[in-house]
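Each of the next two complexes has subunit A plus one more chain, namely subunit B in the first and subunit C in the second.
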Partner chain A sequence: MDALASLAEASGRLRTQAADDALLRRWQTRATVWAASCDAAGSPVLLDAFHACLSHCDAAARLLVLDPGAEAAVAAASSRGIDAHVECVGDAADARKAALLAADALVVCGGGAAFVLDALAVGTPVTGVECAATMDAAGDAALLWRAGDPAAELIAATVERLRADAPLRARLRARGHARISRIAAPSESPA
Partner chain B sequence: MNSDRNDEQLEQVRGEIRAAAATLRDRPRLAPSAPAPAAGADGIEAARRSYRIAELTDPPYHAFVEHAFRALLKRAPTPVEASAQLDLLGRGASKTEVLGNLRWSAEGRRVGVGVAGLLPRYLLAKLGRVPLLGYLVEGAVAFAALPLLARQLRAADAAISAGDSALGAGQKALAARADVLNQRIDDLRGLAHELGLARDELIRTLNMIDEGLRARASATEVALDDLARRQHDLEGVRRDELEFVRRRVYVMDRWFEALRGALDEVELAAGRRDARVREFEARTRDAITAADGGASAARLDRWLDALQPACAAGARVVTIGDDDWNERLAARGAIATSFAGTRAGDGPGLRDALAHVEDSCLGALVAPAFPALLRAIPADEFVDAATRVLQPGGLLLLGFAHEPVLAAALAGDIVPAVQPGVLATTLSVAGYSTRRIDAADGTPALLAWRESH
Partner chain C sequence: MTRIAIVVQRCDESVVGGSEALAWQYARLLSDRFDVEVLSSTAIDYVSWRDELPSGVRLRDGIPVRRFPTLFERGPYWYGLHQRMMLEVQPFAAPRDGAPLAWREALQDEYVRFQGPCCPGLDDWLRDHHPDYAAVLFCTYLYPTTYFGIAEVPAHKTLFVPTLHDEPTAYLPAFAQRYAAHRNRIWLTAAEQRTAARIWGYDEGDVIGMAVEHSESAMPESRARPYLLYCGRIEAGKGCDELVRAMERVADRGLTLVLTGVDNMGLPRQPWIEYLGFVDERRKFELMAGATAFVLPSQYESFSIVTLEAMAQRVPVLVNGRCDVMREHIERSGAGFHYDGLDDMVAKIGRIATLDSGERARIGAAGREYVLANYREERVRARLVEQVERVIGAAAG
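Showing the complex of A and B:
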């Protein structure tokens, strides 16, 4: 079993993992909720995109950063004056599941594949900027944009569309579940 | 095919998103806001302190009252409170009046939630409650709002008509559903009837099985009783047979005991007889020897001379049956031994003695009275034993001394009559060469040796 299959199996277990109820109640509001994962290079893109969302889509939106040790992103958010909207989720599985359940989408700007697989397993749509690890994990189950695109506006608009378009969410959710099944059991997938 | 269509749809969505993203910056910039307050599990947003009036008045009837309590008092209404507010609405009060009552109640003031635009509307509603002035004010407001009221009336009429139509459709659907349910109930009744029949059949079958099992149990009990009786009988027979065998064994034991005693007596008598015979033979032999005037000594010397090559110093010579011979051998330097206590007629003793001699260790084997020795061991067996124990070139001296033979004959033993010529033939067959040596008194002996190969 390769590394991606192991990650997919772990993400499959997240499907049966109970979410942290208190956090879920706190994050499930009428406002837009982003779950996000980024590396150092993707952090400015993510914050630009979220800032665009706050400015033009939903001023009460909330950004839940999944990466453990995402204090740098929070500090960058502070310098932009949007730190009140940004929150670190921490590395507990029940908190991560609560964030993914509450979120309208998982926004990925670099970083590993684990959160992408978690989101696919839970049924949260995935968007963000293309990179090798993300594309390997998500396949055709995510709405990813090339790095050369005006990513900030595209990502903000994508989350807004995902929030409003239930059939699109359902299509992506179905693709995500199929993707997880294919990765976790590669021998059963068609050639 | 389906996948292609999905991809096309997704590409179309991407295009639409690109278009939306391109115009995103053109949208009016939103005023900064705190993150959305979280609603509790009971739907109460405890931290939220401001609402738009439309948010509160939009829900209908029950939902309006529930939502108003949760928003303005941050709690759910009790059934009595909810009923009172619904009565107020039923008596024609406006939603703004209900909201104002809650907001500016003592509890509402303490919570202090802000509702934009509620205060003037509430004051106007309250003004309508003042006698005469309220009537005039409400009349003026109603007059001013006549076009709006007419529009709302038409809209209400349309809504009621739509509601009636929907209600009619719903009733039809319900009737159809009721028909289906009735059909299902009939089906279920039929199924219940069939199940009842099946249950009765099952009970009958079970009763039959029960009766069959009881009959089998009774038969088994009878068989078991019969088996127990047979076992009891068999045990009785076995006990009787065992007692019979025990008695037989006891009798046989006694019989064997008597037999053992008889055999012991026979053995004792035989031992006594042998002792007597040996003693008689010894005395007879000694008497004959004493009376021969030295002839036997001369005979032995003659044979010893013939045996001289095998009597070198250190040579081992074994004699069967004559101690005097050993003394003479020892005098010539040979290591002379004889089988101690071995009488020529003691067959098993002689055989054992020969069997214990090592292979090829003797220079000579001597039997001065060979015919007497034949009472104990056949000639061929003796020759085989001699062949085994003699060294290569060893000598075999077989005498025909008459004293032991005579003594044995006088004691009653039958001694085979063997002639030297016959013995020489026997030895020749066994591979020996022989030479006859006659003593001075004419007593013959055969000196035999095997040619070395």
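Showing the complex of A and C:
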């Protein structure tokens, strides 16, 4: 089994694990909620995008950063005066799942494939900036912008569109489900 | 013979449940014409969805039943979600400011998955093997077996039997979204179809219903004291608490309340309550045939086999008028009365208790005629076969 298939199987297991209910209650609101993953290079783009969301779309929006060691991103948020809206999710799978269940979208700005596969497995729409790992994981199941585009504004607008467009969300969920099924090895069926 | 599948959350001789009985009846009625396979879970208990039966294929009355293991039991996590759903998702709790629901679709999926029975093996089977079936019939909108399973089969070859009733869970938008494309639908009653139009926003499909046993009992129960009869799960959710309260208020009229089925509520000890536990079909029909009335206080019914069986035994029926389906049965048949609330229930019990023999005979005959006209096995089988052949024909064409 290749690495992606192995990650997809782990994401499939996440689907059948309970989320952290206390965190889910805290994060599940009618305000805009972003789950997010970024690497060092993507962090400014993510924070610019989220800032655009706060400024133009929803002043009560929240950003839940999935990456372990996301403290740097939170510190950068602090310097922009938006740290009250930003939270580190932590390493635990049940916390990660709570964030994905509460979120309108997973926003990826660099980083690995694992969170993308988790989002597809759980049924959370994925958007963000293209990179090889993200594209490899998401296939046609995500709305990704090229790194050269004015990505921050586009990402904020895409999350808003996802919030408003149920048929689009449904299409992405169906593609995400199909994507995970194709990548992961099928579970055993009774003879 | 052409191979078809029927998907249902539970399938075993020991299972008591309306939609399970419906799925099995459809399997039986279709098995003369098609090579039918039932796809189901290994669960028996509809609360825990515990993995109890062996997985794999077993024959039940000559029909193969392929069971897939349930992955986990329902637990506190789901009950927490359920509690929140009851407060946040019902129509009266809908946001009025245009803001989206706090329940994203991923969370709605989560709610359905952890309600159980969660059988990913069934989903995988349908994804990989649906080409082996000319049509796949899914029974009951509520459970993961249908909700996730139906997404694995092309919509043009699915037949969907929602058994929908107006309950809070039905308002989760994900259900309406998931089933919108699956337009080959079988409704049990016109009232169920109207409920779908109201809650989900679509109602295409045909009303077929279910065959109801109509042989008249040879030995109606004979008792000195008149009695009202209830058969089924004894639970507050089925309206049994209201029924007991109503009976308390007419206790001085000499009526007994006879109940059969599992008591999940804890019936009070009263001289006017007689609890019989499980009874076999023959005994049930004897009790029905001898009753002053059959009472169905449940608000959430999509068909109610047991009420129609009682009608076939010529017994007047009293049903909860807040359930559209039950009210429609009464209004179309003239087989009894419906009530709205406790006071009206007490009044209607009083009315039934004073029916003269002519009125009783007229009401009883109307109920039997209604059942024979609409729910005879031959009629249901013919319409069902026609539906399945239409879907297979369209899928092949």
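As a working rule, the second predicted complex is superposed on the first by the 185 of 191 C-alpha atoms of A that agree within 3 Å, B and C clash if a C-alpha of one lies under 4 Å from a C-alpha of the other, contacts with A are read in each partner's own complex, and residues count from 1 in each chain.
One rule holds for everything that comes next: contacts are C-beta pairs under 8 Å (C-beta built on N, C-alpha and C of every residue); 3 or more make two chains touch, one makes a residue touch a chain.
Since we're looking at a predicted model, the values are computed, not measured.
Upon superposition of the two complexes on subunit A, a steric clash is found between subunit B and subunit C.
Once chain A of one complex is fitted onto chain A of the other, the partner contacts of A:A95 are absent, as it touches neither subunit B nor subunit C. When the shared chain is aligned, subunit B comes close enough to touch A:R171, but subunit C does not. Look at A:V122: by the touch rule set out above, it reaches subunit C but stays clear of subunit B. Of the two partner chains placed by superposition, only subunit C is touched by A:T16; subunit B is not. When the shared chain is aligned, subunit C comes close enough to touch A:A103, but subunit B does not.
Of the two partner chains placed by superposition, subunit B and subunit C are both touched by A:Q28. With the complexes overlaid on chain A C-alpha atoms, the stretch of subunit C that clashes with subunit B is 369-377, out of 171-179, 333-341 or 369-377. Residues 21, 25, 28-30 of subunit A touch subunit B in one complex and subunit C in the other. Of all the residues in subunit A, the ones that touch subunit B in their complex are 21, 25-31, 52, 54-62, 81, 84-85, 140, 143, 150, 153-154, 156-158, 160-161, 165, 168, 171, 175.
Subunit A makes touch with subunit C in their complex at residues 12, 15-16, 18-19, 21, 24-25, 28-30, 100-104, 122-124, 163-164, 166, 169-170, 173-174, 177, 181, 186-191. Against subunit A, the residues of subunit C that register as touching in their complex are 55-57, 66-69, 71-72, 75, 77, 80-81, 84, 95, 99-107, 109-110, 113-114, 118, 120-121, 124-125, 127-128, 151, 173, 177. Those residues of subunit B lying in contact with subunit A across their complex are 6-7, 9-10, 13-14, 16-18, 20-22, 24-25, 27-41.
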